[in-house]
Structure formats: structure tokens, C-alpha cells
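Encoded as C-alpha cells, here's the structure I'll be asking about.
Naming follows writing order (A, B, C and D), and every chain is counted from residue 1.
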């Protein structure tokens, strides 16, 4: 971490600390109030947002969080209902290109000045920043970041085949998987639901060539989609699917964690959140190795998934005050540290020091990787988690990917062909 | 003042006209029976009188008041239904007093009326039972009680006895008749059973295909049926109706059955009828003969010997009922029924001799099917 | 009626004047009360009828309208003609969903009807503990499929459910992995669906069997028919209207099937177990294509009419026939 | 004859018991999981016997498990569900009875069309109605209220209750109605004194049907209410698995059992009348 970014972080923190005193100074100012909807209702997600609420309250605000349990669609239905009812929440959880799509249907708060004042744009990955300022104005703020191309390897499985280090390239990965298979271990411990299948593909393609991933998946370049490297990703995906437990389809990856820890399954390609889940299931960090899914060019590559809040325009002064307070909190290093330490994610800010005791090795590794990947131009947005494309386009693409994973009679060429066609049809 | 007057009443269900211009009028205290085969419109007519169906055209007057637009409850009527329509969840007591409750009759008066009716129908012991705990006859009485307690201007009965067994039906028939005589109420009674009609009515309206075929007292209906339909519908066994030819000779008008056949029968037409039958001389008519007008050979009908014509006909079948024997015979190529004394043995297949009463002959126009004479 | 003595012994006709007078009084009540009496039923009756009719027609009409518009995340009233329909018809998801609907519909209806009928006949054998058995067969109806679907997903999963259980009991070669088999997964939905709905079918059939005239049984027994023949030739033909009722209820259930698949397979493996209701929800709310989802919903309803129109025609025919015979 | 154990009867009981076992398996899995610890389930499998009995799951599920920031378990949500289910069931049943009564016994011009359209409502998928309901609730100002959910379930429920009641009431003889009219009873008195007392069998069917369907519905519950207003199904979903969470199967199973208890009791005690009510004519 360079000295400049560090100093900027401190400045932002100082700016934040000034907020409550400003609020106090204006005696007549309304008490900041905020209504939030999210799907974070339970577990560490629920705990993290609750802590955020406590911080908000401590700063003198009134905090109302309405979690919408269930699938993301249910939360969006709720948001739609609230917008149609003329009563949007002051802030709501939303991510990726959907921020741009939704910001067209109801007015959002222009956060550009606040972001500029906090010097925040400089410490956010450029792709991420772009997503949160549709039409050039900041309307949403990212809250936390996950790497979806994180590789977990079962320590016991590794020991059984005599491996000590995580594979660095797909060739090494394939070699290790074959050895595991020969030793009676199911090499891949992933589940088999839609987003999981999409994630396996994005790991494969980003590992083969992050630049192609950017062209094909984020920019939907037809030539790239029909090119050799996407075909290679389908070939890799086919191998991965054959290394999975045949019973994985339809299953959440957590189903297999006990077998993974026991060494009956080898490797899991999953977001950083899996660390928390493994811990919750009663296993220790020592049960697995963690790092980056293979990247053939050997440099850090970061497939990025970020949660964010979008701020809906409200006339009420107390809401406007609340939105200002909330925005400053979300951008602040201390809230990001607090939040990520609860959920196992990494901070959005690339200028933070993760050497403290509250951080895990996995988080440190991922955070360093993010900064390095941004530097190397190898940070890309996740397809499986609706960061690269709108939900409509993502769903159309993942339809093809999930069918490909579970229908082994499809050849990689067919998969590639169908993906290109699905993109064409959904454009 | 007539108790019930119906004028030019018409009613249609969709495209089908079910009442085609009904005119009826009865005085207070009369017992009108609407009789006819199923589908003739008699129940619809009753429902229109009750106000349960709207009249299409024409008027219904009850007690001199036009009631076309009066709700059933305000027509001052009571009705007994074929299924009795007892309210299954109410006791007998509640069934009978429900109407008074609806009309907000004070409770003491309700009790009084209930007690009277219960005594009259002897159902005091049943008052706290539910309809499901009653026999068919008891239910019938309760249904009557529900009607009686209103003491209405007009009682309406919709085939009230058709769900009872034969013995009970006869008993209840007599009870209703006695009740009618005792309380002197005006009643309209629908049935398809011509015996009920004959035994109970002071006036009968025979209905067929939405029209009143004949509206008269029972005796006229029986003896001088206005149409072939009435002739065949009323009476059991029914009236014989055979094709005949009227010829006029020196000795007066005669009807010939099976003209030109070896077994042709020539029946002299009594003078009272001949006068009206004149225009049909030398033409085909339909001859109506009640079965009781064909009896054993030694029977004499009336004082005038000319009215008892001896005939001979082969017996095809006999039905002894105990009180009499019904005989199916063949006369002039036509099948006829006769009623003979049970004491007489008639071998089936052999010709036998009978006496035929010509006084009650009926002559019908085959084209219009209406009574000529 | 033997205990009833004849009415000849009854006292002379009583005067029944009191109620008559009361009736006259009542008839003379003010006109406004009559007017209220006439109008009140309409005032009470029509709102719920109208609300129901407006709800059905209005919502259907609204959806139909939306299906011709460019609506995406929000209703948008720009007319686009049949574009949404062609897009849905051309999508693999919809093609798979409609194929699946046929397989699932046929399998589910047949299996549920057969199971329901079998259970009803078994329970009808004057068994002890009828209450208990009936409650057990009915309880799946009582529990949300969001819950039971998840449990079925575990049970049918080869690595944790039945297959593992049987293998651990010593049958090492036992295979029951339909849930994860693209070709067979749709049948696991049939099984779980039948598990949930067959209790209801049983209740309907049991109700039908119980309402068959006892004389029919006696007549059949006198004719020397055995129990099997009595059911096949006498009871089942007598309760054919129940079959129609069961069929209609199961078909509407089939077409609306949603929670079941979402909890059990999520439409997978891949998109192998898509059904129209899932596609509608997915298009409308996951992909934010309200117009296209509406088009799919309208097509779903049209497929429903294929079932309903013959049904109503049949009911009409039956009513006419009854009217003729009555 | 019913009590002699012939081979045929042994077979009948064997079949009944076999099917009963098949029907009970999913419930058994939930019951077993409800007394297992999360660690137990996580370390082995979601299908299995408890290593130790953890009855504390029920206590946590009922009163202390955290859903959002509220650590009150599912009990407040149960209460919400009751507040929603009881009025919605009663109102929709009564209105359905009234509708059925008028459609079956007071025929009017076009009544068959009205009935046909209402019946169609039974078939409309709820996903399709989500957006229209949003607009209706907005215009009525009922967004995020239990009253809004009651309204939805009443309006949708009327289709079912009308269908059931109308078919039942067509078996009531017309003569009963005529007798009552002549007795001077009006529309409501006939309904209240004659038709309603005849209705318990069908009312039990509709009440059971409505109660279980409304209780188990979750799409509307999640979409149209939030936080403290949500019904218990929403709370159950909140306990269920999400992308980044370790599932709490033990507590979740206990919560599922608690949440299913009312409907299970309804079937346990109402099942007999359910079949009886169907016998009485609901299916004609």
C-alpha cells in the first residue's frame, strides 16, 4: 500500500468524524433517518447490517431495516412494490448493472459531491466505480467485495495425493484433479445450482485469459464469444463438471462441506464467503488451503462481486440527512472494516491495511490480490453474481452454462455456439 | 267476490311457452284441482299464483286484489309442497312458527296458533322433533300445519301426497277433504292423479301443454269431457275412444264401429246427442265409451230398453280386481275395455255377450278432438 | 302412521283469527321498509360478486395488455405487438417448460389419481384406525411446499437421501439418482407432487365412495360380484363425476406448480425441470421482463382454457341432461 | 367380518401401513433434524439420527433466534400469521357462502357467466397477479399492512369458497326456498335461518382449505409486508439457506414444525369433517 493512498484514507476518516459534529452544530437540522431494505436477514449478513445500524444510531440517526428474506427476486419484488407505491426506501440493496437499470425508473440521490469530498473514487476498482455511477453520477455505493474465483482445497485430500500447494494454472489444476480422482477422491466439491454453475465457468474463462473474459462476458464481443479461449473455457468447464459429484445438481455447495473437510472431496471454487460458512459448520481454517483459482498467465486476477446500496430520492429532510450520513458511513474505512470482518468479505477500499488481528489470511490474500489485479488490469466483474450484465442477460447466459454443466452429451463447441446465440437473442 | 281469478295468463321459459292464456275463476270455499300429465304447466301455474314465478302476461287476483306485483309473503297464501320442504335444521315447532316469526307475530299469539294447529292435526307429541325424525305421514302433517297456522285466503298444494305410500295417500286424501269442509278455506291443489282430482275437487281444471282443456265440476269432467285428451286422461281405466261413422236411418242417428266389416256394430245415438251431432251425419267421428258402460249381457241401463244394446265380442284378456272384472275385448276391429260383475266367468279367446249403455256415449270431432255431443 | 288416530276425532275447526290479524298488520308496514328489503340483498350481494369478477377479468386483462407492451422492470405502456410472444416461443426455456408440462402433467395426474383411488379403496375396507391413516395421508396438504420440497430434495439426493440409506444397509449397488439425472428429474417432481396431492384425491374419492347408494352394493353382492368387481363395475362408474372433479383440481394444480419445483430442483439439473409457472416468474421478476413474462402467463392461461372450456361444456351438458330428466 | 384377519385384510393393513410410512418420511426427517444440533447436521448429513437430543432448538426457534435484528424467534410472526389468517378465512368463507347461496339458489340472468368467471379465478397463477396487486394495494394505501394481505386472501379466496359453496348449495331443494318465501322470509333471513344452518359440512371444507392455503402462502407475504408485519412463512424463509450462510437446519426444522403446527392440528381434528363435508356434496 502506497503512502498516498494511506494518507487519503486517513483524510476520509477525518472527514467522516467531522459529520456528527456538523450535525450537532445545526441545532435546527432534522434528525437523520433511514429506511433500508435488503435480503440480509440472518447469520453473518444479518449481523453485519445490524452492526451498521448500531453505528448509524450511535451517530444520532434513526435506523429502520426491513429485511426481505428469500431469493433476490423477492427483494426486488418488494422494491418494485415500494416504488410503485410511491414510497421507495431511502436506501436498498442492489448490485451490478441493475443499479443503472433501476435508476432509470425512479429518481436516485446524486452522491457525486459526497464521493468527491471523501476522495472515494480513487480507492475503488474502476469497473466497480463505473457500475455505481450510471449517467456519470454516483447513485449507489458499494459496501463490500468478494472474490468469486477463490480456490479452497481440502487439506486432507491434498495430503492423500501428496500435494502441498494450490495449482497455479489450469494444467496444474487438471493434473491435481486427475490424481485425486485416481485416489478415489471427488476432485470438485462445488454444488450444482445455477449461480454455482455460472461461477465455475467464469473461473475457467477468467483463469484462461482475463482480457478475453472482459471482451466476451463484460463487453459481449461476438468475436471473443466465438473465439478459441471461450471454447477452451467450455472444455475446462466440461472437465470440472465431470469431476463433480453426480449428485451435486440442484445442491447447495454447503451440502458437501463435511465431505470436503474429511478429504473425500478435493477442491471448491467459491466466493470468499465460504470461509464463514466452513467456520459455522464447525470446521477450522486449518482444514483447507485457500487462494486464487488458477490463472494461466500467472498474475493476480480478481473476479469481482460487490454488494451495494442504492439511494432513492426522498423529499423529507430527515431522510436526506440520513442518506448523507449513511453514504459517509458506507465509504468510511472503519465501517468497511467492521462489515468485512463480520461477513468474511474484503473492503471495497483498496487502500486499507488488513494486517490487524481481525482479518484472516484468506481476506489478506484476497485484498492484496484485488489491489494487484486492479494494477494489472486483471480485475473483472462476475457473471454468475449479476455484476457483469443485467439480470436478463446474465440469466440467458447462465441458462446455457447450467444446461451445459448438467448435460454431458453437449460438446464444448455446442455450448459455445449456444452461448453466443443466447447473447444475440437477449441483446 | 271470487277467491281466485286468473285472466289471460301467459308465461314462457326462454323460447318455450309453458302457459298459453289461462282463464280460471273460483269462489270462496271452493276446492280447485289442477290436474294434468307432467309438463302440462300445472305446477308453473301454481307457482305463478303463489308469486314464486312472475306472470308473463295477464293477471292473477286473490280475493279481488291483483297480486301480480305482490311478494309471495304478502299474498295471504299458504303452500304445501311435494317434498314438504320442511326446514331440516328446525324443530317441528320452529317449522310451524317460522312464518309468524317472519311476520313478527307476538310470541303468545304464536304459541296459541301453534297449539290449535297441533291439536287439529294431532302432532302435539312431535313438536320438539326434527323433520329427519318423522315418518312420511308425520312430515306431511307438519307441512299441513305450517300452512294451516297462517289461516290464509288461499291454500296451495303442490302434489302433496305423491311421496306417500298408497294406503297413507288414501287416508291423507280424506283428511284434507274433511279439513277443507271443516275450515271452509279456498284451496288450489295440483296433482297428476285423476282420482285425487275426482275425489277432492269441487272444480277441476284439466291442463295439457300449457292450456286448460276443461274447467268444470268433477261430474261434468267425467261424463262430458270437453276434449279427447280429457276423456282419455280422466278415469281409470280410461274411456274407450274408437273410430266410428255416423249414419242416419229411419230410426234415428246411429254410430257404426268397424263399418263394412263382418263384425260391425251399430249403436243408436240417443236423441239428446243426435240433435247436436246432426252436422256429422255420414262422417267419421271418434266415439267415447266409458268402460263401465260395457257390462255383462243381462245388465239393464235405465228404464228405456233401447239404451242397453246387446253386443258380442271376443274376450282377449280379463283382469279381476275383486270388486269387478275388467275385460279387454275386440269390437269391430277396435280394442275396448268393459267392466263386468266379478261373478261372471269369461273364458279368454271365446266370444262373449255384453250389454252396452248408449246414454253416456260421447262423440268427438276427429279433426279438432273436441266434444260434439 | 298407525299410532295417529283419524282426524275425525279432532275438535271442531278453531278460529284462527289472531295470526291473520297480525298478518294484516304486517302487510300494512311502510313502503320504505319494503324498498329496503328489496334493495338490501343487492347491496350486499353484488359487491363480493363484482369484486371477484373484476379481480379475475381485470387482472387477466391487465396481464394481457402488458404482454403486448415493452414493459421491463416496471409497467411501460409502449405497444410492441406480438414481439413478446415470439420471444417466449423461441426460447429454449419455454420449449422445455411446455414439454415438461406435458410429461409432468400426465404423470402427476395419473399417479395422483391412482394413488388417491387406491388409498380411498383401502381405507373404505372398514379398517381400524381410519382416522389416523386418513390424517397421515392428508397432512402433506397442510404443510407448505417451500418446506417439504426442501426435505424431498434431501431425500431424493443420492448422496444424502434414500440411495445412501439403502446403500448403507448393505445394497452397495442400489441406484436412485433421478433427482440429478436430466432425463429423470422431472419424475421426482411427479413423485413429490403426488405425495402432496394424493391425500386430497383420496379424500374426494373416499367421499364419493361413501356416498354411493348402499342398495347398489347389495344388488351387486346379490348378483354374485366379488369386491374387486363391485368396485370396478359398480362403484367407480357411479362416482365418475368425482373423477372429473379430481381431474380438474389436479390440472389446475399442474399448471400452477411453482413452489414444488423451486424447492426441489430449482428448475435443474440445468434447465431440465422448467415449468411454465417458473418461466413466468423468472421472466417477470428475475430477468425484469414484465412484458415477456406476461406473454408467457397469457399463454399459460390459454392452455388452461383448453382444459376449462371442455369442462364447462361438459357441466352444461350435464345440467341440460338433468333438467330434461327432472 | 371386518375383524377377522384373513390374508386379504393382512394385505390391506400392510399396504395402508406401507403408504403411511412413505407419507411420513419427510415429516420424520424434519422431526429428527429439529432435535439435532447444527454441528451434528453440518458434520454428517441432513438425513440422519440425532447424536444427542437438542430440544433447545425449539426454544430458540420460538423465542430467541435472530431474524433480522429481532431476536424473538418466530413467535411474533406466528402472531402476524394468525392476525392475517383468521379474518381472511372467516371473511372469505362468509362471502363465499353468500355468493354461493345467491348463485345456486337465487338464479339471475347471467349467473352462469358470473360463476364461470369466478371459477376462473381459482386457476390464475399468483405470480401473474403480483404486479396488479401491487397497484391495487398502492391505490388503497394498504401496502405493508396485514390488512392488505387479508384483502388479497379474501378476494382470491372468494373464488374457492364460492366454488365450494355454490356446488354444495345446488343440492338444497328449491322447494325449501319457496316455502320460506311464502313464510315471509327475505334474502337474509333465508340465508341466516335456513341455508347457513345446513352449511357446516361445506364451511368446514372451505375453512380448512382457506386456512392452510393462506397460512402457507409466502410470495405475497414477503412482497407486501416487511419487518414486523411479516407472516411466519417469510420468517421461515429467512431462516433458510442463503448464498453465504451456513444453514441452521436444526433451528430451522424446529421452526418449521412450530409453524406447521396450526395447519397440522386443523387437519388432525378437521380431517374427519373434511371428508364428510366433501361427501355432503362439495364435489358434485
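FYI, contacts are C-beta pairs under 8 Å (C-beta built on N, C-alpha and C of every residue); 3 or more make two chains touch, one makes a residue touch a chain.
In UniProt terms the chains read A = Carbohydrate ABC transporter substrate-binding protein; B = Sn-glycerol-3-phosphate ABC transporter ATP-binding protein UgpC; C = Sugar ABC transporter permease; D = Carbohydrate ABC transporter permease.
Predicted model, so just to flag it, every value in this text is computed and none were measured.
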Maximum centroid distance from chain C, chain identifier (CA atoms): B
Chain ID, smallest distance between chain and overall C-alpha centroids: C
Chain B-chain C separation of Cα centroids, rounded to whole Å: 51
Euclidean distance of C-alpha centroids - chain B vs chain D, Å: 58
Rounded Å distance, chain A centre to chain C centre (Cα mean): 43
Whole-Å separation of chain centres (CA-atom averages), chain C against chain D: 14
In chain D, residues with contacts to at least two other chains: 45-46, 130-131, 184, 186, 218, 237, 240
In chain C, residues with contacts to at least two other chains: 26, 160, 281, 285
Where chain A touches two or more other chains at once, by residue number: 77, 80, 84, 255
Residue numbers on chain D that touch chain A, as the complex places them: 38-39, 42-46, 66-69, 130-131, 134-135, 137-138, 143, 218-219, 222-224, 226-227, 230, 234-235, 237-248
Chain D-touching residues of chain B, taken from the complex the two chains share: 47, 50-52, 71-74, 77-79, 81-83, 85-90, 98-99, 102-103, 146, 158
Contact footprint of chain C on chain D as seen in their complex: 2, 9, 12-13, 15-16, 19-20, 22-27, 29-30, 45-47, 95, 98-99, 102-103, 106, 112, 114, 116-132, 155-156, 158-159, 162, 184, 186-188, 212, 215-216, 218, 233, 236-237, 240, 256, 260, 263-264, 266-268, 271-272, 274-276, 278-279, 282-284
Footprint of chain B on chain D - complex, ascending: 173, 175-176, 178-186, 189, 193-194, 197-198
Touching residues (chain side chain A, partner chain D) in the complex: 37, 39, 41-47, 50, 53, 64-70, 74, 77-78, 80-82, 84-87, 195, 252, 254-255, 257-258, 271, 273-274, 276-282, 343-344
